[in-house]
Each structure stands twice: as C-alpha cells, then as structure tokens.
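Two complexes, one shared chain (chain A), two partners (chain B, chain C).
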Partner chain A sequence: MKKRGYGIGSMWYGIGSTAATNPSGAFVDFLDDGTAIVMSGCADIGQGSTTVLAQIAAETLGVGLEDVVVITADTGMTPDSGPSSASRQTYISGNAVRLAAEKAREQVIAKAAEMLDLDPGEIRLRDGQVWYEEEPAGKTMIEVIAQCRGEGILTLGHGTFNPATTKLDPATGQGVPYATYAFATQIAEVEVDTETGIVEVKKIVAAHDVGAAVNPQNVEGQIEGGCSMGVGYALLEEVVVDGGEIKNPGLSSYLIPTALDMPEVFPMIVEAQEPSGPYGAKGVGEPALVPTAAAIANAVADALGIRLYDLPLTPERIVAAIKAAASSQHE
Partner chain B sequence: MEKFQLKMKVNGRTVTVAVEPGLRLLDVLRDVLHLTGTKEGCGEGECGACSVILDGELVDSCLVLAPQAHGKEVVTIEGISREGELDALQRAFLTAGAVQCGYCTPGMILAAKALLSRNPNPGRQEIARGISGNLCRCTGYAKIVKAVELAAAELQQKEGAAGV
Partner chain C sequence: MSETCVVGKSAPRVDGPAKVSGKSQYGADIDIPGALFLKVLRSKTPHGMVKRIDVAEALKIPGVVRVFTHADVPGENSYGIIVKDQPALTDQVRFRGDALALVAAETEEAAKQALEVIKVEIEELPPLYDVWSAMAEKAQAIHAKGNILTVSRVKKGDAAAALRTAAVVVSRRYTTQRVEHSYIETEAGVAYMDNGILVIKAGTQNPHYDRRDVSRVLGLPMHKVRIIQAATGGGFGGKLDISVQCFLGLAALKLGRPVRMVYDRRESIAATGKRHPFLVEYTSAADREGKLLAVKAKIIGDTGAYASYGPATLNRAAVHATGPYEVPNVDIEALCVYTNNPFSGAMRGFGTPQMAFAAESQMDLLAQELELTPLEIRRRNVLRPGSLTATGQRLDHSVGISATLEAAWEKAGRVMPGLGGEVK
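Moving on, here comes the complex of A and B:
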C-alpha cells in the first residue's frame, strides 16, 4: 500500500564562523573609462558570489553591472576574505565590497562637488552620471575620474567587515556566536510504499529568509541544491565505516540523488531586511540543506504513524520499522 | 608497447594520433588533443562528468578505450558551438541559471543534446531520465531540467518556422 504524508522542518542558522573573528577585505577602484574593478579574496565555488559582489559594487558605485570586473581569490593580488564557508560570503565579503565601493565613491563625489561647486552631501552617482537633486548635474563620472587622475587623486577604496561576535564563556557557553541568523521552513510531501519501504518525495516547499536576495536566481539555485543534498541525507547517504575503513567509497555504493530522485522544489524567498547586511542581505548556502531531512522524516512519520530515529530512511529500515510496529501491536 | 594509430573524427575534424592502446578516450581528448572541456569525475562510469557523444550515442569517455573510438565520430562540449555562437542548450543553461560549480555542465549539456536528438520534445520526466546518468551536487537539477525545456522549445519553434 502507498501512504502519503506531510512533514515540516524549521531551522535557524548562524551566518559566519562561530564565535570567532572572521573578517573580509576588499579593494574597489574606478578605471579611466568609468568602469570599476573589485578585488576580493572570496572564492566563488559555484554559489555565485562573484556575481553578487559585482552587483553590490555596481549598485554602490552607480555604474552598470557590465562595467564591473571582479578579481577574486588570488593571493598575489586580492586581500584576504576568509573562506567560502559558514554561509558567510554574501554577508561578510558583500559588506567589505560595499564599504570599499563607498570609499571609492566618496573620492569621486568630493571631486565632482568641487568641479560643480555643489554640496557633496547632495551628490549621487547613477548610470555613469553625476546627479544633484534627482537630476543629472552635467558631468559624467568619466570626466570626474579624469580630473582625479590629472591631480593624482586615487579613486581607490578599501573596505573590511568583521561580524560583531564574542567568544563564548567557557563556563556558561553564553556569548554572541553570530552577528545574524538565517531562518527557514520547509514542507515535504512523501509517498511511502509499505511493501517495499521505498520513500518517494513528491514535493518540497522551501521558504528561506535571506535578508535581501541580491540575486534571486542564485538564491533559488542555492535552495534547490540544498534540498537535493537534504533528500540525499534523508533517504540515501550514509558513510559506512568498518574498522576504520570506509566500505562505500564510490558513487556506485554511496548514492547521491539523481535528477530522477528529485521532486519538484518550490523555493520561496522571504526578504526580511538584515540591517547589518549589504543592502539587507544575509546568507543562504548551508541553511538550504538544514531542514530538509527533518521535513522528510516528519512526513514519513505522518504517512506511517511510526517515527524513525536513524537516517537515512532506507527501504530496509522502513520495512523493519513497519514490521516491528505490527508485531508490537500483536503482543 | 606498440602504439595504436587512432584515427577518428573529433568535432567534425579528422585526427590521427599514435596512442598507447590502453589509454581511455577521456585521456586522448584531454591530454593528447587538449580538449579539457570534458571532465573526469569518478573515473568509473558513475557520475557522467566525462560524457561525450560517440557516433550519436552518449558514452562515458572514461569507460571507452581509445581504440574503440577508431573510425568513429566524437562530439565534445567544444564541438557544439558553431563559429563562436553558443548552442541553444548552452544559451538555455545560462538563461536558466543551470550552472553552479560547472564541473558536471559539459557532460550534462551533451546528455541533454543526445536526448533532444532522440526526442525533440521531451516531458519533464523524460528529461530527468535523460540526464539521470549525470550527477550534479550543486543545483538540485531543477534549473538544468528547466534549461533543457527552454532549449527544446526554442529548437521546436525554429523547426516550425523552417517548416513554414
């Protein structure tokens, strides 16, 4: 018999390294043609951080995204930005880039104010133009940058961000381990075959508070990818160690989800602005995977009326649990 | 050991190379012809990262010995763009955001290409089956499936237009 069930999993997760200093630095410079160069140690491992850093720089500098070049993760050129771990790069390196871009912008605004004889506090940079009181003020950013160059004024900005954390009290465990947290809830729908013990995940709805989604397509990609790792964690993946030896070291024995194992995932981006984040952003990398297995296990419990306490929920474990429940009912 | 004179067509061009007979097609492509778009993942035919199209069939190039490709036609990821213009699948992968770390992408695109040449209008489940031999740890496959749908729709539309 096939039984359906629904389960929910919720989580909160700290952004950045736990109770540790973990700063990031960035350099931002305008080039003569009005484009900008961003240097950050942030390693893009596919999550899209280079795109996100370019977007943050473009927004801050008032230039188009296509006018920003990002150089990353080169120890010969870029400042240290810490690791691409702890779901931290959008929040921490994003802030470093924002601060560096603000400083580069200040140089150009100061020179523009002098050239136009205007109050620098009222000047904005947008679309490659100098703006004053919501109108173009009659100078392009290229002209102002050229003036800076001529006078030997650097348009370089540097920024650093270190989230406000404290060490934890060794006696009480109290302190501020993270400057901000991500929140998420996922709901899974499953179908369990009581004969074979096979669990099929039919649907996952995944709602994630990411602060602000700098790049919604990237955020969805992170959520969908996290859910697939969560499906693997819930149903397939287990490192079998015997006497210190891993017994399933290959992809033929340690199974991860294929396209056929994945249900339709419905990512929902919840944007609750984080005041300390760059344009309100936090992180989403690891949180996407955290609640998935719990939601699936709860859905299986809902379907069967039996709660299992060991992952993954393999067909063998499901059938054994059904048999054990049936025999304890007979006693 | 005596070298094997391997003659095959790679991405439309005939190549002749003397190789160790025990070399895999994957090694010939990457190390001899320097077509490094084809990736080595597991090296045992499980992950699909090294997928190429051999005489119209999708194969794991880590499981094909070089002499087995003799006289045959190989298409790698480098061979599907034409004069600098990306293939419909490559463009669809960009549009849909179907690439994260990128390691599975060449094999994934070739798997999709082989699927679309067999079945130009696949449903979602057929797409999932068509790429199920190609593992991806980043994307959860959702945007990859979407990209294949996009490319199929574009190719169908073009075909329709050409038919008129």
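Moving on, here comes the complex of A and C:
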C-alpha cells in the first residue's frame, strides 16, 4: 500500500564562522573608461559568488554588470577573503566588496562635487552618469575619472569586513556567535510504499529568509540543489565503514539522488532585510539543505504513523519499523 | 533612485559561458608539458607506528623519479584548519587512508606501479572504531591530548528544574550517518616553480588557508607560496581541507619540475573528510499551551582520525541544537571524539542538518502529545524580533522564521492538495 504524508522542517543558521573572527578583504580599481576590476579572495566553487560580488560592485559603483570583472581566489593577486564556507561569502565578502567599491566611488563623487560645485552628499553615480537630485548633473563618470587622473588621483578602494561577534563563554556558551542568521521552513510531501519501504518525495516547498536576494535565480538554484542533497541525506546516502574501512568508495555503491529521485521543488524567497548585510543580504548556501531531511522524516512519520530515529530512512529500516509496529500491536 | 539596478536581478552567471562550453580549466585539465605525475601510497592499516618504508624497488621502475616519505617534509609535518594534527606524509597511522609515501614519475602508469612495490613495516596498535571505546578511560590515545577533542556547552536558565515540572517531556535518541560530499570534480591540481615562487593551482574552497598550511609544511615564507584556485567542481565543505596541495608543493619544490595529480573517485572518497555521524540524546519539554520550556541534549560526533572542522561542527551543532525556537532553559553538551575511522570534517550545514532532524522530530512529537498541529506548535515557539537565543543573543532584526513558516504553509496548501489545510 502507498501512504502519503506531509512534514515540516524549520531551521536557523548563523552566517559566518561560529564565535570567531572571519574577516574578508577586497580591492576595487575603478578604471579610466568607467569599468572596474574587483579583487577578492573568495573562491567560487560553483555556488555563484563571483557573479554576486560583481553585482554588488556594479551596484555600488553605478555601472553595468558587464563593466565589472572580478578576479578571485589567487593569493598572489587577491586579499584573504576567508573560506567559502558557513554560508558567509555573500554577507562577509559581499560587504568587503561593497566597502571597497564605496571607497573608490567616494573619490569620484568628491571630484564630481568639486567640478560641479555641488554637495557631495547629494551626488549619486548611476548608469555611468553623475546624478544630482534625481537628475543627471551634466557630467559622465568617465569625465570625472579623467579629471582625477589628470590630477594624479587613482580611484582605488579597499574594504574589509569582519562580522560583529563575541567569543562564547566556555562553560555556558553564552555570547554572540553570529552577526546575523538565515531562517527557513521546508514542507515535504512523500509517498511511502509499505511493502517495499521505498519513500518517494513528491514535492518540497522551501521558503528561505535570505535577507535580500542579490541574484534571485542563483538563490533558487541553491535551494533546489540543497533539496536534492537533503533527499540523499534523508533516504539514500551512507558511507558504510566496517573495521575502519569504507565499503562503498564509489558512485556505483554509494548512491546519491538522480534526476529521477528529485521532487518538484517550489523555492520561495523571503526577504527580512539585514541592515548590516550588503543591500540587505544574508546567505543561503547551507540553509538550503539543513531542514530537508527533517521535513522528509516528519513526512514519513506522518504517512506511516511510525517514527524512525535513525538516518537514512532506507527501505530496510522502514520495512523493519512497520513490522515491529505490527508485531507490537499483536502483543 | 533608491531602487537597485543590478542587485536583486537574476543576472546570468559570469562564469557560465566558460563552464557550459567546457573551456573552464579544472585542476585535472591544466596541461603543463613535462609535468610529473604524483600518486600517494595510503595505509591499509588503521592504527600503528611506521617502522620502516623501503622504496628501493620502486625507484628501479623506469620513469620513477622520486619517492617521498615523512622524512622528506622540510617544515612542520602537520596541518589542519583548527588543530594541526594531520601529517602530510605520516610516520604514525591513524586510519585506513593515511598518506605514507608520495611517488613522482614520468607517467601515471609508472607511479601506480611504484605504489605496488613500496614496502612498509607498521607496528600495529589496537584500533578504536566507535566513540564509546574511544572515550573509555583506558583507551589508547589516538592523539597526544586524548580522544575527546572538544566539549562544547550551551547552558541557559535551569533546564533540570524545567524538566521536572513541565507538563510534557519527550526524550528520544537519534543517530545520523556518515556522508560523502559527492562533488562532481575530485581533488586535482598542478604545481610549479615560477621565479623562486611555488605556484599551486588546485580546486579549493579556501586558497588563503591553503597558503598558510603549505607554507608551514614546506617551511617556506608565505610570500613564496602562491595558491591559485582552479575552476572548482563543487566543494560542499570537502575542499576546505588540504588534499593535494602539500603533495604538489613538496614535489615541485624538491624536484624543481612541474607536477600534477588527480584523485580518482575511490581515493577521493577514502582520503578526504565526511559528514560527521552524530549520536544525539534529546529531551524537550513544553507547557500545556505548547510553549517550549527546556531543551537538553547530548551530542557526540565521530570526527575520525583527524580534527579537520570537527570542533567547529560540534560547536555549531550545540549552538543550533534548539532549532529556530525560543527556549528559556537550555542544557547542551557536544563532544567531538577521535576514532580510527576515516576523518569527518566540514560538510554543508556543519552539524545543523543532523540537529534539525532531531529537533524537528521532537517538535512533532511534542505536538502529538499536546494534540497540536506541527504548524501550531512551531507558530507558538519560533524566534521573533526581541527573542533571546540559546546563547543569550537578542535578535533585533531580520528574523524571518515566522515569515518562512507562513509562506511555506500558504504555498503548500495550494500545491499539495492532499494536505487538506492542515498537517496532521
């Protein structure tokens, strides 16, 4: 018999290393033609951080995304931006890039204010133009940067950001381990075959508070990828170790989800703006996965009326749990 | 003017065209003419002292240039992001997978042949495969300071008193498994000397950390080591540790020739970190209205032979153990324990997916006891602006858990018709 069930998994996740300094640095070189080079130590491992950093730099400098090149993760060229871990790069390196770009921008604004005899506090850079009170002020950014060069001013900026945390008391763990937290709720729908013990995850609704999505499609990609990893964690994956030896060191025996195992995922972006984040952003990389197995386990318990306490929820374990429940009813 | 132009837009990935057209250079794609191939001899013994490594036969194989052992490591032969407990090439074996020797050869085939004929004599020690025997009082210490690496505690209020008087108390024991990251790309890279600077190009999640430990192990000043991240095909935490970097650096430095190496899938799985298996004893208590009164949990994580990110994983697990809920009384203890198993390290979530499984199961169990819906018990307990976390941190802003709960519920009601408006 196939039984359907639904389960909720909620989570919180502190952005950045726990109760530890974890700074990031960035350089921005605002060039003569209004394009820019960003240098960041942040390693893009497929999660899309280079794109996100380019967007933050372009936004801050008032130029197009195509006007920004980001050089990353080369200790000979880029400052230390810390690890691509702890869902920290958008928040921490994003802030470092934003601050570096602001420093470069300030110099252009200061020069524009001088050239146009305007209050620098009211000047904005946007679309390659200098803006004053919602209107182009009559100078292009290229003209202003050229003036800077003529006076021997390089429009460079550097930025560093270290999240505001404290150490934790070793006896009580009290303190401020993270500057901000991401939150999420996922709801899973499963179908459990009570004869075979096979669980099919049909749908996952995944609502994630990321602060603000710098790149919504990228956030959705992270959420979908996280759900796939969570399906594997909940149902399939286990490195079998016997006598200290891994018995399934290959992808023919260590099974991860394929496209056929994937549920329909409904990613939802919730934006509870983080004032200390770059343009309100927090992070999503790990949160995407964190509640998935929990939601699936709760859905399986809902379907069967029997709860399992050991991951993964393999067919063998599910069949055994159903049999154990049936025999305890007979007693 | 306040609206953003570029931020908040689904801009195409800047690295997309190179990746989809196959032009990105991953560690294994970088072709350096004349590069030697490197292979690692790994221990099949779980625990013991290396008495002798005889490489004479290996050196006779045509094409084999050099075989390195622990005796050839010029700097401090230990690395690790948190605890410097892992040797690049070891004279003390702590798991089936420890690196004993590094072969450099003109061809991959010659390097592989050399691995077959290196003779290693190991004086075996009794292995410890589970956290309980590792924690036993008279257990053989796998590392000098003993097998309990760290104990993280989070304590707030009086959990014991709350548990005595609460209307509902639920206690359960949870276990979670060891998991492989399964990134598409295995560990790979190249290294060469460039005008006196050692250059290493490899897949990594943290090039600046790599520089610190390569510099330490090779005894080079930091400015003489340059780490360049090659295009990296996924990491999920598994490429935060040193893998090929020290091997590449040692061989390039000592031989003055470019070198390359690639882990095959088997080596990648056997020799790099895993998600920590957890054992969690979890007790939750609530009042009749379903308000959480206390959470008490003991968490034990098997970090295997080396610390890697183990202390950070167990610490984060302790800090997040309550789930996204306001709990006035908290008593959490999380132990990170060495064993002779393959080592565990960082993996997406750092101990929190394990804890979410336990904490969210507990919430549903409490709901069941109180005849509340899973939705309702969460609504009554989620963190809100002004809430205090388990570590006593006041959350003032950007606390979107309630918004995600309501948004997910509303959406689920529409796309999951069987939900019937309420989770049972």
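As a working rule, the second predicted complex is superposed on the first by the 331 of 331 C-alpha atoms of A that agree within 3 Å, B and C clash if a C-alpha of one lies under 4 Å from a C-alpha of the other, contacts with A are read in each partner's own complex, and residues count from 1 in each chain.
Just so it is clear, a residue touches a chain if its C-beta (ideal position, glycine included) is under 8 Å from a C-beta of that chain, and two chains touch if they have at least 3 such contacts.
The shown structure was predicted, so the numbers you read here are calculated from the model rather than taken from an experiment.
Novice: Looking at A:G46 after the superposition, I want to know if it touches chain B, chain C, both of them or none. Which is it: first, second, both, neither?
Specialist: Both: A:G46 reaches chain B and chain C.
Novice: Figure out whether A:Q217 sits in contact with chain B (first) or chain C (second), or with both, or with neither.
Specialist: Both: A:Q217 reaches chain B and chain C.
Novice: Identify the partner contact of A:D32: answer first if only chain B is touched, second if only chain C is, both if each is, neither if none is.
Specialist: neither
Novice: Which one hits more chain A residues, chain B or chain C?
Specialist: Higher number of touched chain A residues: C.
Novice: Now for A:I56: first (chain B), second (chain C), both, or neither, which partner does it touch?
Specialist: A:I56: touches chain C, not chain B.
Novice: Look at A:C227 in the shared chain and tell me whether it touches chain B only, chain C only, both, or neither; answer first, second, both or neither.
Specialist: first
Novice: Touch test for A:V265: chain B only (first), chain C only (second), both, or neither?
Specialist: After superposition on chain A, A:V265 lies in contact with chain B alone.
Novice: For A:I256, using the defined touch cut-off, is the partner it touches chain B, chain C, both, or neither? Pick first, second, both or neither.
Specialist: both
Novice: Determine where on chain A the residues touched by chain B overlap those touched by chain C, and list them.
Specialist: 45-46, 48, 217-218, 226, 229, 250-251, 256, 264
Novice: Using the touch definition up top, name the residues of chain A that touch chain C in the complex.
Specialist: 4, 6-14, 17-19, 41, 43-46, 48, 50-51, 54-56, 58-59, 62, 64-65, 70, 72-76, 80-86, 124, 126-127, 131, 134, 168, 170-178, 180-181, 183-187, 189, 203, 205-209, 211-218, 226, 229-230, 232-233, 237-239, 241, 243-246, 249-251, 254, 256, 264, 266, 268, 270-275, 277-279, 282, 285-286, 289-295, 297-298, 301-302, 307, 309-312
Novice: What residues of chain A sit close enough to touch chain B in their complex?
Specialist: So the residues of chain A touching chain B come out as 45-48, 217-218, 220-221, 223-229, 250-252, 256-260, 262, 264-265.
Novice: For the complex, which residues does chain C have touching chain A?
Specialist: It comes out as residues 1, 4-15, 46-47, 81, 95-97, 127, 129, 152-156, 172-180, 182, 197, 199, 203-211, 225-229, 232-237, 239-240, 265-266, 269-270, 274-275, 312, 315-316, 318-320, 323-324, 332, 340-342, 346, 348-350, 352-353, 356-357, 359-361, 363-365, 374-375, 378, 382-383, 390-393, 395, 397-401, 403-405, 407-409, 411-412, 415-416, 418-419, 423-424.
Novice: In their complex, what parts of chain B are in touch with chain A?
Specialist: 42, 44, 46-47, 97, 99-102, 127-129, 131-145
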